[in-house]
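Take a look at these structures.
Look for chain A in each of the two complexes below; its partner is chain B in the first and chain C in the second.
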Partner chain A sequence: MPTTPQLSPQEEQEKLLEEALNVVRTQAFQMKRCLDKGRLMDGLKHASTMLGELRTSLLSPKSYYECYMAISDELRHLEMYLVDEFQKGRKVADLYELVQYAGNIVPRLYLLITVGTVYIKSNELSRKDILKDLVEMCRGVQHPLRGLFLRNYLLQCTKNVLPDAVEDQSTENSGGQSGTVMDSVDFIQLNFAEMNKLWVRMQHQGHSRDRERRENERRELRILVGTNLVRLSQLECIDIDKFKQSVLPGVLEQVVNCKDAIAQEYLMECVIQVFPDDFHLQSLSSFLRACAELHPNVNVKNIIIALIDRLASFAQNEEGSGIPSEIQLFDIFSQQISQVIQNRPDMPPEDIVSLQVALINLALKCYPDKVDYVDKVLETTEDIFNRLNLDHVEHGSPVSKELMRLMKIPVDTYNNILTVLELQHFGPLFEYFDYKGRQLMSCHIINNALENETMIPAQENVDAILNIVNCMVQDQNDQPEEPDDPEDFAEEQGLMGRFIHLLQSEDPNQQFLILNTARKHFGAGGDKRIKFTLPPIVFAAYRLAIRYKQLSDEDENWEKKCQKIFQFCHQTIGALIKAEQAEIPLRLFLQGSLVAGQIGFENSETVAYEFLSQAFSIYEDEISDSKAQLAAITLIIGTLEQMSCFGEENQEPLFTQCALAASKLLKKPDQCRGVSVSSHLFWSGFSQAKDGEFHDGKRVSDCLKKGVKIANQCMDSSVQVQLFVEVLNHYIFFFEKGCEQISVQVLNQIISKIRELLPNLESNEETEQINKHFKNTLEHLQLKLDNAETAEQYSGLVL
Partner chain B sequence: MSFFGFGQSAEISIALDGQENRRTAEIKTEDGKREKYYLYFDGETVSGNVNIALKKKGSKLEHQGIKIEFIGQIELYYDRGNHHEFTSLVKELVRPGELTHDANLNFEFSQVEKPYESYTGANVRLRYFLRVTIVKRLSDVVKEQDIVVHTLSQYPELNSSIKMEVGIEDCLHIEFEYNKSKYHLKDVIVGKIYFLLVRIKIKHMELQVIKRETTGTGPNTFNENETIAKYEIMDGAPVRGESIPIRLFLSGYELTPTMKDINKKFSVRYYLNLVLVDEEERRYFKQQEITIFRRADKVRKNYQAALSHHNPSLLSDGGGSGKSQYQNTEEADTKEKEDDEVNNEEDAK
Partner chain C sequence: MTTPTATARISSKKQTLEDAYSPPANFLEIDVSDPQTHGVAKKRYTDYEVRMKTNLPVFKLKESGVRRRYSDFEWLRNELERDSKIVVPPLPGKAFKRQLPFRGDDGIFEDDFIEDRRKGLEQFVNKVAGHPLAQNEKCLHMFLQEPVIDKNYVPGKIRTT
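== the complex of A and B ==
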């Protein structure tokens, strides 16, 4: 036996809907035929049969909606026909009574509404009375779905005929003009109340296991209920007073009393969206009071935030007017929100904080100058955390995310850390974050300062900021045992290093205090941090010393202050040395020596000498890697070559020390290079005796000879050739400078030596490079030979 | 009438005075067809003339006299033999003799008492007619002519509303109210149902108008119930505190005035039956008798009737007399009784 296939619920729905729509089409067709022939009564009968399809309980809300739409389309034909007939002057007397003979209530009321609207449009009867009658009679349909659609039809039909005048416009002949806007308000509010009741009732019908489905269905239908509010908002004669006294209280009463979370949430949003901003501004307290009374399941946060966002953008968009000064927008919201929070002991802390977020947004958008408003919000938040005993906000938790949003807002809005510092409760609230949270927030703050190049001009500011971002400055009690990823750590500390350059005051004395404070904070940062944070402080200090020099006319104590600064630097660099740093302190000392020399204060030679000698001792004690040693001695030589502050007494030992150190380097190539470099000291170094460059050709030549000699000792022929080429370049340099001890023959000698060795090298990349270097050198010389001016000097050069 | 087709015979016709202007009214015949007759009221003179046309010209008609009667009678269908005449007036039109020509004879029953309304029901009929009889030796020639009588009532002086609280304990309590207890035939019933307690899942609610025709007396009483109107007034389940409006136009239905104990033979009474049906098709109902009366036609009523509303203040007054009404709770027809009601309704169909 063939079994009939089981239909899925969806197919079942489609089938039912299709059947219903078929009936609608057939009956609508018959209705229109009858109307065309002027057979009104038969037309009404078909209309009634068609409307019978809306009596069904089988259709889902969605299908019912489609059926309803099809039918209301067809009813428009009937309405148009009737309006036409009335306009032609034909009295269809008692039609309003006639349609009430229909035995079934649903078709009867649809017809009644249709005819009622026609009566109003034809100015026949008092529209006020008809509207009242229609909305009352609709009580007969208590079935939620059918009632909602019926009343929606009522709203639809009466859309353009609602009284919207302050005074009753009716005359004896035009009942259609009767009524005032308040009649419309009553009409819509009654309809709204009834629809809302039906809508809420849906929640409590049927099996509890279908709850989710039912809630979805309810959400699909919500627009039907919301349409009432839209209609209210479309009445032009409602002014602020009427809104405050009649419209809003009625709506809110209904919303609050229905005690249904879905309805309250949606309708409150609706109220916010459909009515104009200035109405909201004038009725804030009542709206917010209602918010406090909503069902615990209502996400009241979203509602309030929606309102705040709306008003905040209103405050910004509105040109000129803005928020009227008599409305204490912030205070009202602040009070009412705390009321809401108090009424809801179960409100999750993240929701509380997001309310504060909204509040802070409001404060910033509407009252950008009022820092105390923002501070008030932070204070409230702090109080709430205290009350909730929330002292540890775990990173990644919802409340942490919200709190982070809250605290980033002032940072990002002001774009000025100094303004943020004016917030008394910013710092304390900061402490509620856990380590990770503080770290992220600190980075955010520092980044903000860097992006905006916010200068921090006072010691107290520095103190305050560094206390806030303390977790980037020092180790924390609650930091994880696992150290941070080194790259992240370096990046974070790099930020701090950059930040230090923002610590700048116009006033040098203040600047010195700033640096001291910073030093104190950063000095406690531990070995890992200070290598990032102390060098910028030292550099800032050097800059400050230079400034004192520039201000020497204004400040008679400038020399003492410079002295102090160098002491400060000395000590600071010392801290770095203790942290087992070598290269950085070496460089800092050299830099300090240079600066001291340049400034030339009372005691600067001593300071410069001390700094250089410190550099030397680091070189000797701390630097063991040969490459680093070469680099360090090169640097020392370079520094010394630049300095002009030393008298012979100090200079000689330093020069000698350099040459000696260079020649004592472990590896021969390093020795060769070091010695070659040190030759420059005796040429371009400053001689106080000569009041100019040394130009001691003999010692230059000695150095270079020594270089050649060391190169000759090299075993690796490739390195050897390379060294010869390098030494050749040094020779050429001094030759060009006019060093008498260097002759063309010397050059020829080295060139031929290189020529001799070069072909023996294995051909590889390295050789290629050496070759190239050599070729370039020769080309340079060739150019000199070709040049008429220099040709003579170079005569005899064999290339 | 002639049985054998010979002898003189005559055609009788009755013309009523002023009949071209007289209103007519419809009434059902026994077999359900509708017929129109001239309409008279109580105390109105019934006059006119009888025309007797001889079928064979030139031949005379012998008779024992010609009379006209005005008869009001009640016919019980189960007792066909006995017609109960409550009115019978006779006028002799012609003394016994011969008719040689067609004759036209005037008659008049002046200011005839017509105490009852014409009625055709399920088991009984009340009719008025004129009967002209040419009395003959073998078979009389008879012509009957029906008229319709409507009884008019004054608008009742006392016409209180019907208000009652009924219920089934812990299950359903409602308060209902109809604006009047006496309605005229074209009246509109306005009222409301107020739900005090709802613990059942109601599917819908309707208001029925039930006509009960009672014939006979004592053990031979027959009741015939007919549901004249079935009017849905609510769809879906209400909750406590809901108030549902009622507005039922009676002119849409075929009603007669309430008739009580007409000549001790029959009564016709009307009831409003409020029926609630729950999701399991159980029916809860409460019947209230109302009086229907005929009112002299007036100028067309104002449209306001079409949107008339029950005065809600009546409901709030209800609190005062609440105690006594609560006792009605016990009287409320309960589900157990309701099965008969369902059956009855089925029979009536």
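== the complex of A and C ==
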């Protein structure tokens, strides 16, 4: 015998639902036909049969809902028919009693609700009595699923007929009392309590292995219970007092005592959503006390955060009235949240911190000037961490993430690191991060300061900030062994370098203190760091020295102070040398020398001389790469050329030393170039004796002659020609400046030499370049020749 | 003739919150599962885990798990038939045919036979354990909650104080 194939549970449900809907369709059709013909009793019988489908235990909640919706629609017809009949005066005697003879309780009660609604709408009998009857009679169905839908039907039918007046407005032709808004409240509260009871009871129906499925099904039905709260919120005559005294306590009593996590979590959030914010403001303590008593599995954190966010938005809403001043919103939340935390010893630390985050947001949005509120939250957080023995929380852990969120909020909201410093507990909280956490937070803070260009005007501030971001300044005990990625490290230290430029005070004396403090902190950073951080300090110091000069009228000690500054710089640069830096100290000394020379304070010549000789020492001792050497000596020459503070006694050794050093370079091309460059010292260098440019034509010529000689010694012909072209250009420069020792003949000599050598060069890109250079030079000379004004000077030139 | 008082509503006490929301005190779940065949060749037997969860006050342990074989169930049935006043539901079959030699399959150690038997035993024990009169018998409690059944026990009723 063939067996019917097994249907999957879902297919089974679909089949059952389809069968039920078929019955509903057929019976509804019959019902409407009977009603059209005025045969009420037959119509009611069909309605009753149709309602029989809601007696089933076989449908899942989803399918039952579909069936219920179809039937509700059909019952609408019945209701409208009856209301119509009543309006036309064709009242059916004892209809209310008649429907109670239906055989089974579920159809009976649905019909009773429908008819009862008709009676209310037609003003027959006492509205108050009917409503009371209906809500109590529904107790007859204790099955959770069927009971929930039945009571939902009651809510839907009575949606627009609930009394909403403060006083009873019975009229003469109504059968009895109309009812007040408090009667509606009683009605809804009773319905709500019963529905919640049934909803929670669903949890215990069925085998324990199906617990998860049951919980999901319960969640699907939550709106049925929530509708009660929506109805309560729709009663217009409920004011704040009635809410506080009658509505909220009743609701909270059910929510707290049901001891069911799913119900509690949903209903508390529902309360927050459906009632207006000014109601919440006046009833906070009760609500939050209830939160503290909820089931341990309820995510209380989310509930409180939802409430805080709503109230924060309310406070910030410009059109609204804002938070009434007598409500100490922050204090209330602060206290109640501690209570909640105390009641839940198993609350994970990250959730506790999340609550603090919500509190801080509240403080900042509702009371933006009260910095002490924010500090209070940080203090509380510190206490919590102490209590829980949390230390060096691992980066990436939930609690570390939340703590970082918390700490970033004041930084990002105030956008002013100085305000953040006013928070006494901000710094201490830093210590609770592990190394990586501190590093990230420090970067965040410094970035914030840089983006907002926040100037740090006082020494104490500098001290405080550098202590907080200590992990970027100095090596830490808990630093990991492997070094950071060098690029990341450079970027991070670059941030610190940039930050140093924000350390500025209007008062130069304060500025010096600031620089000292910064020096102390950064100096302890180790060799890898100081090459990034000490140079900006030195530059800032030079700027300060210039400032002192500008304010020299106001401060009689300004020269001594400048002296001190340069001593400070000397020391600082010395530290860099000890850390085996060469290029940077060289440049710093040169810059210092320039600045000292420009300022011209007492002893500035000595200082400038000292700095230059230090530069020379570095050049001689520390720079060994030949390219670097050429660059360095060129830089030194360039610096010297600009300086005008030296008398002959000091200048002579310096100039000579330059030329000598240039001639001692190892490679011939370098020598040639170095010597050629040094020629400029003797022309445009400043002579105190002449109070103007040196213009020592002889020494210029000597240098260039030497240059030519060295070029001749080059073995690489390509390089040789290149050098000649370069030297030629130097010669032309001095010729044009009017150096007597350089004549047209000299120029001609070199030009012909170049012409001689050029064709012998191999044809390649380098030769192209040299050719071009030479051609450009010649073009320049041609222009001069062609120009009537200068033609005479250049006469005799052979191009 | 009905008077208004005859059909008047009976006023009842309001249900306490405790009663409304407490889990029902009639929770009883027994699962028969994990069939394991022990021993070799002719000396084999299969037993099952009988796991009970309940909140009924009459049971000493609210959760228990024991291993029982078919003959233990037979023993229980016999004890209850003799001592209690209930009509004891039947056990799944003893399957004599399956125990005869020269079968093509593994007889009573076949998987689908064991599964059918398991279902039958589960139905049996749930029906029995749910009956208030059976709940009074010592044999039931020993069957469900003692690791080993002492067949030399003194039969009798549980005293509920």
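Basically, the second predicted complex is superposed on the first by the 788 of 799 C-alpha atoms of A that agree within 3 Å, B and C clash if a C-alpha of one lies under 4 Å from a C-alpha of the other, contacts with A are read in each partner's own complex, and residues count from 1 in each chain.
Here is the rule we use: a residue touches a chain if its C-beta (ideal position, glycine included) is under 8 Å from a C-beta of that chain, and two chains touch if they have at least 3 such contacts.
Worth saying up front: this structure is predicted, and the values here are computed from it rather than measured.
In the superposition on chain A, contact is made by A:147 with chain B only, not with chain C. More chain A residues lie in contact with B than with the other chain of the pair chain B and chain C.
By the touch criterion defined above, A:641 lies against neither chain B nor chain C after alignment on the C-alpha atoms of chain A. Of the two partner chains, chain B is the only one that A:94 touches; chain C does not reach it.
Residue contacts after overlaying the shared chain place A:605 against neither chain B nor chain C. When the shared chain is aligned, chain B comes close enough to touch A:103, but chain C does not. In the superposition on chain A, contact of A:726 is made with neither chain B nor chain C. In the superposition on chain A, A:257 makes contact with chain C only, while chain B stays out of contact range.
By the document's definition of touching, of the two partners only chain B reaches A:129; chain C does not. Once the two complexes are laid over each other on the shared chain, residue contacts for A:201 go to chain B and to chain C alike. When the two complexes are superposed on chain A, the residues of chain A that touch both chain B and chain C are 136, 197, 201. Residues 204, 229-239, 242-245, 247, 249, 252, 303-307, 309 of chain B are the ones that touch chain A when the two sit in their complex. Contact residues of chain C toward chain A in the complex are 9, 17-18, 20-21, 23-24, 27, 29, 53. Chain contact summary for the complex, chain A toward chain C: residues 136, 193, 197, 200-201, 203-204, 207-208, 253-254, 257-260.
Against chain B, the residues of chain A that register as touching in their complex are 55, 94, 96-97, 100-101, 103-106, 108, 125, 129-130, 133, 136-137, 139-144, 146-147, 197, 201, 205.
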